[in-house]
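Could you have a look at this structure, given as C-alpha cells, before my questions?
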Amino acid sequence: MKAVITGLRRVVALVGLPIVLLLVWWFASADSHTAAMPPLKRILKVFPDTWFGERLTDDVLPSLIRLTEGYCAALVIGIVAGVAIGSSRTVRAFVEPVLEFLRAIPPPALVPILFLIAGIGDTTKILVIIAGCVWPILLNTVEGVRGVDPVLVDTCLTYRVSGLLRLRTFVLRSASPQIMTGARQALSVGIILMVISELKASTDGLGYTFEQFQTRFQYPQMWSGVLVLGLIGVVLSLLFRFVESRVLAWHRGQRAAERTSL
Amino acid sequence: MRMRRLAALFAGATLVISAAACGGEKTPTTPTTPGGPDTVNVGVIPIVDVAPIFLGESKGFFTEENIDLNLDTAAGGAAILPGVDGGTFQFGFSNAPSVLIAQTNGLDIKAIASGNGTAGDPDNDFSGLVVKDPSITRPAQLAGKKVAANTQGGIVELAIRELVAKDGGDPNSLEIVAIGFPDMVAALDNDQVDAIFAVEPTLSAAKAKGWSVLGSFATIDPKMTVALYVTSGKLAQENPDLVARFTRAIKKSLEYAQSHPDEVREIVGTYTNVPAEVRANMTLPGWPTEIDSGSLDTLADLIVKYGVTDTRPDVSAILS
Amino acid sequence: MNPYRSFLSRVGTSPALLGLLGLGVFAVLLEILPRAGVLSSDYFPPTSRIIGALWRELGRPDEQFRPSLLTALSDTLVTWLYGLSIAVAAGIVLGLIIGSLPLLREFTASTIEFLRPIPSVALIPGLIVLLGVGREPTLVIVVYASFWQVLVQVLYGVADVDPVARDTARSYHLGPLRRVRYVIWPTALPYVMTGIRLATTVALIVTITGEMVIGTPGLGDNLYIAYSGGDVPVMYALILVTGLIGVVANTITRAGERIVLRWHPSVRGEVAA
C-alpha cells in the first residue's frame, strides 16, 4: 500500500505541474489567430504525424547520436583540462583569459568558422556541441579542484599519496559534486547546441527539421518540435539522475538530493 | 501568505514561456498622431535587393506620402513574414516563394509591389549557379552532387533544381545544403560542395575566383519576380489608404532605383558593408514596379513540383 | 641570475601578466597560421588585419542605418547587463526557495528539465510577433537562456549542504531566513559564483545572437551586416570585441568572487600562497 502511494506521488510530481501549465497554455492559446503562435490544440494534433514516423529514425536519432558523441568528448576534455587548470595557479592564470575569450564567441559566429576548419558534416556539428558543452564542465571542474579541503591536501602530503592515486582517490572525489553539476548543466546546453549546429549545412537532424518548419512557416509543427526537445530534456535528465546516483552514492549532499529530485 | 508569495515568484519564472506560448492577438498598430505622419515599421534584409526602399527614404518619397519610415533589418523572410502577419511590421520584404508558402500555411499576407526581379539577361544576372570544377560545363552534370542554397525550400533551391531539370538532369538527385550566401565562396573553395547558387555581392567574389556561371534566375524566366513587398490582409482591409500611399511611394522608389544605378551603388554602402570596388562592378537586380504574375505561377508550380508544400499555393490570394 | 629567468619568475607570480602573455601567444598564433597558409587568409584574416579593421570601425561615425561601434557596443552592454541582472536575481531567489523546500523541488523538477533545453531560437518568431524587434525580444531570450544556468547551480549548491549542519540549525530553532543566511548560503555560494560566471557569458552570447537574428540594435546587428556584406575583417573585428568583453567580464566576476569567497578554500589557499 505504501509503495503504491509513493509511486503515485512520484507520478504526480512528474506530470502535475506540466499538466497545469499545458492547461493554461491550451486555454490561453485557444482562439489565437496569430500564425506564429497557434493554439495548443493544433500543435498536439500535428504531433503524431510529425514525429511518429520516419522523422524518429531519420532526424531524431542522428541528432541524439551526435549529441552523445559531442557530450562525451566534452566530458573528457572538460574534466582532464579542468583538473590540469585547477591544480596549477600558473597554468590557470596563463590560459584563463584565452578560454574566456573563446567562451564568449557566439555559436552563430562560430559555426561558419568551424565549417572552414572541419568541413560540412558530422565533425563540425559535434565540434559545435563540444564548444558549448565543455564550459560548464570545465569551469565547475576547475572550481571543484581549486576548492578541495586544505586539510585533505595536507593529509595526502603527509601520507605521501601522490600521482594517479591522489588524483583518483582524492582530487576527483572531492571535486565530483561540482563536476556533476557542470555535467548536468552541459546536458541541456548540449541539446540546444545540437539544434543550433544543424540549422545550417545539414541534411538531417532536429535542427534541420526546425529550420525547415521555420522557413516553411509550419508553426504548429515547429512548436511540436519544441515539445519534443523538452521531452528529450526530461528523459536525458532522468538518465543523468540514474548515473549520478551511482557516481555520487558516497556523497553526503546526494542523499538529500536523491530524495527530492527527479 | 508565504505560499502566495512563492506562487507569485514561480509564476514569474514560467512567465517567459507562457508569454511566448500563449500570446493572444495583436492588432496592427499604426501609431498616428492626428494630422501627423503615419509611422510604419518595415522589415527588410540588409542586402542589395532592398536598395530602392533605402534610396526612396533618402529621396523623401515616403515623407511625400506622409509616411515616417522605420526600417528594421532582420536575418531573413522567416523572421519578417510572421512579424507582418502578427502586426509587428506593417510592411515587409521577402522572396516570392516564401510569401507563397507562408500564405499556404495560413499567414495573412498580401503582395503590394514587386521587390526585385532579375537583371533580365540570362548570361549576366545578379544571381548565378557557380561551379569551381572546369569540367562541369552544364547544370545537368550536377545530378547527384552537393549544391549550396541559402535556405531550404526558398527561391534559390527551386532555381537550382529547375536549372538542372531544364538541362535534362534529375532534379531530385541533388543534395541541397543550406549555407548562408557569405559562406558559400569558402565552402566551394574548400570543396565542401560541388556548386553554389549565389547572389550579389557573393556572386562577384565567386566570379573573381575565375569560376564559371552555369545559369541564373534569368535563365528560368528573365521576367521572374524574385521578391515582393508585402503587408497583412488585415491592414489592407483596415487602412487601405495607408497601404495605397506606401505602395505609391515604394513604386516610385523602384522606378527611381531602376533608372539611377549609380545612386543605388552609393546607397548600398550606407546599410551594408559591401566594399566600394565590389559595389561599383556588381550586377544589379532589376526593379520593375509591377509584379509579374506569370512568374509567380511558375514559382507556385515549382513549389509543388519539388515538394516544398503539398498543395499548390494560391497566387491570386496573394495578389487580391 | 640571468635576466631571462628573472623575467620568467616575475611573470610567473603575477596572474595578470601571465594572462596577458597567454592572450599574446594566442594572438601571435592567429597571426602566423593564416600567413603561413595553414588557414586561408581570405577567410581567416591574420590578427594584424583584424586589428586594422577594428581601428577603422572605431573611426567610423554613426550612420543612419549602421550605428558606430561605440553606439552598438553600448546597446549590447545595456541589453546584456539588464538581462543578466534579472536572470541572476531570479535564479538565486528561486533557486534558494525551490532548493530549500523539498516538496517544491520535487514538483518543479520535471518542468525545469523540460524548459531548459528549449533553444531560444525556437522562440524568436513568436517573440517578434509579441514584442517587435526592439530590445525586448532579445532581452527575453537573454533572461530565458541565462536564468537556468544560475538556477541549476543554486539548486545543486543547496543540495550540497552538510546534513549535520542542517540538523544542527534545526535543533537550534533557526528561522528559515537565518537558516538560509548561515547554513545554506555559505555552502551554495561557490556554486552560485560559478553559476554567475556561466550565466555572464551565456547572456553575452545570447545577446549577440538575438541581435544577429532579430535585428535588435547592437554589436550582433553590426556583425550580421558585416557578415552578409562579405566584410570578413570587420566581422572578425566585432567577434574580437565580443571576446574581449568576455575576458573583461570574467576579470570582474573573478574579482567579485575573491571578495565574497575570501573565506573559502578555493580562494583562501591562493591568497595565502
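Each chain gets a letter, A, B and C, in the order it is written, and its residues are counted from 1.
Just so we're on the same page, a residue touches a chain if its C-beta (ideal position, glycine included) is under 8 Å from a C-beta of that chain, and two chains touch if they have at least 3 such contacts.
Since the model is a prediction, treat every value here as computed from it, not as a measurement.
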A-C compared against B-C, more contacting pairs: A-C
Far-end chain from subunit C, centres as C-alpha averages: B
Cα-centroid distance, subunit B relative to subunit C, in whole angstrom: 34
Rounded Å distance between subunit A and subunit C, as computed from the means of their C-alpha atoms: 17
Junction residues of subunit C - those touching two or more other chains: 40, 43, 108, 111, 115, 118, 125-126, 128-130, 212-213, 227
Contacts with two or more other chains, residues of subunit A listed in rising order: 21, 34, 36-37, 112, 116, 199, 214, 219
Sequence positions of subunit B contacting 2 or more other chains: 14, 17, 20-21, 23, 26, 78, 82, 85-86, 180, 182, 186, 190
Sites on subunit B touched by subunit A in the complex: 14, 17-18, 20-26, 77-78, 81-82, 85-86, 98, 101-102, 105-108, 146, 151-154, 175, 177-180, 182-183, 186-187, 190, 192-193, 308-309
Sites on subunit C touched by subunit B in the complex: 40, 42-43, 63-66, 90, 93-94, 97, 101, 104, 108, 111, 115, 118, 123-133, 140, 143-144, 147, 212-215, 221, 224-231, 234
Residues of subunit A touching subunit B in the complex: 21, 24-25, 28-29, 31-37, 40, 112, 115-116, 119-120, 199-203, 208, 211-212, 214-219, 223
In the complex with subunit C, residue positions of subunit B that touch it: 6, 9-10, 12-14, 16-17, 19-21, 23, 26, 41, 43, 45-47, 54, 71-75, 78-79, 82-83, 85-89, 180-182, 186, 189-190, 201-202, 205, 270-275, 278
Touch list for subunit C against partner subunit A, complex: 12, 14-16, 18-23, 25-26, 39-40, 43-44, 102-103, 105-111, 113-122, 125-126, 128-130, 148-149, 152-153, 156, 159-163, 166, 190-191, 193-194, 197-198, 201, 204-206, 208-209, 212-213, 220, 223, 227, 235, 239, 242-247, 249-251, 264-270, 273
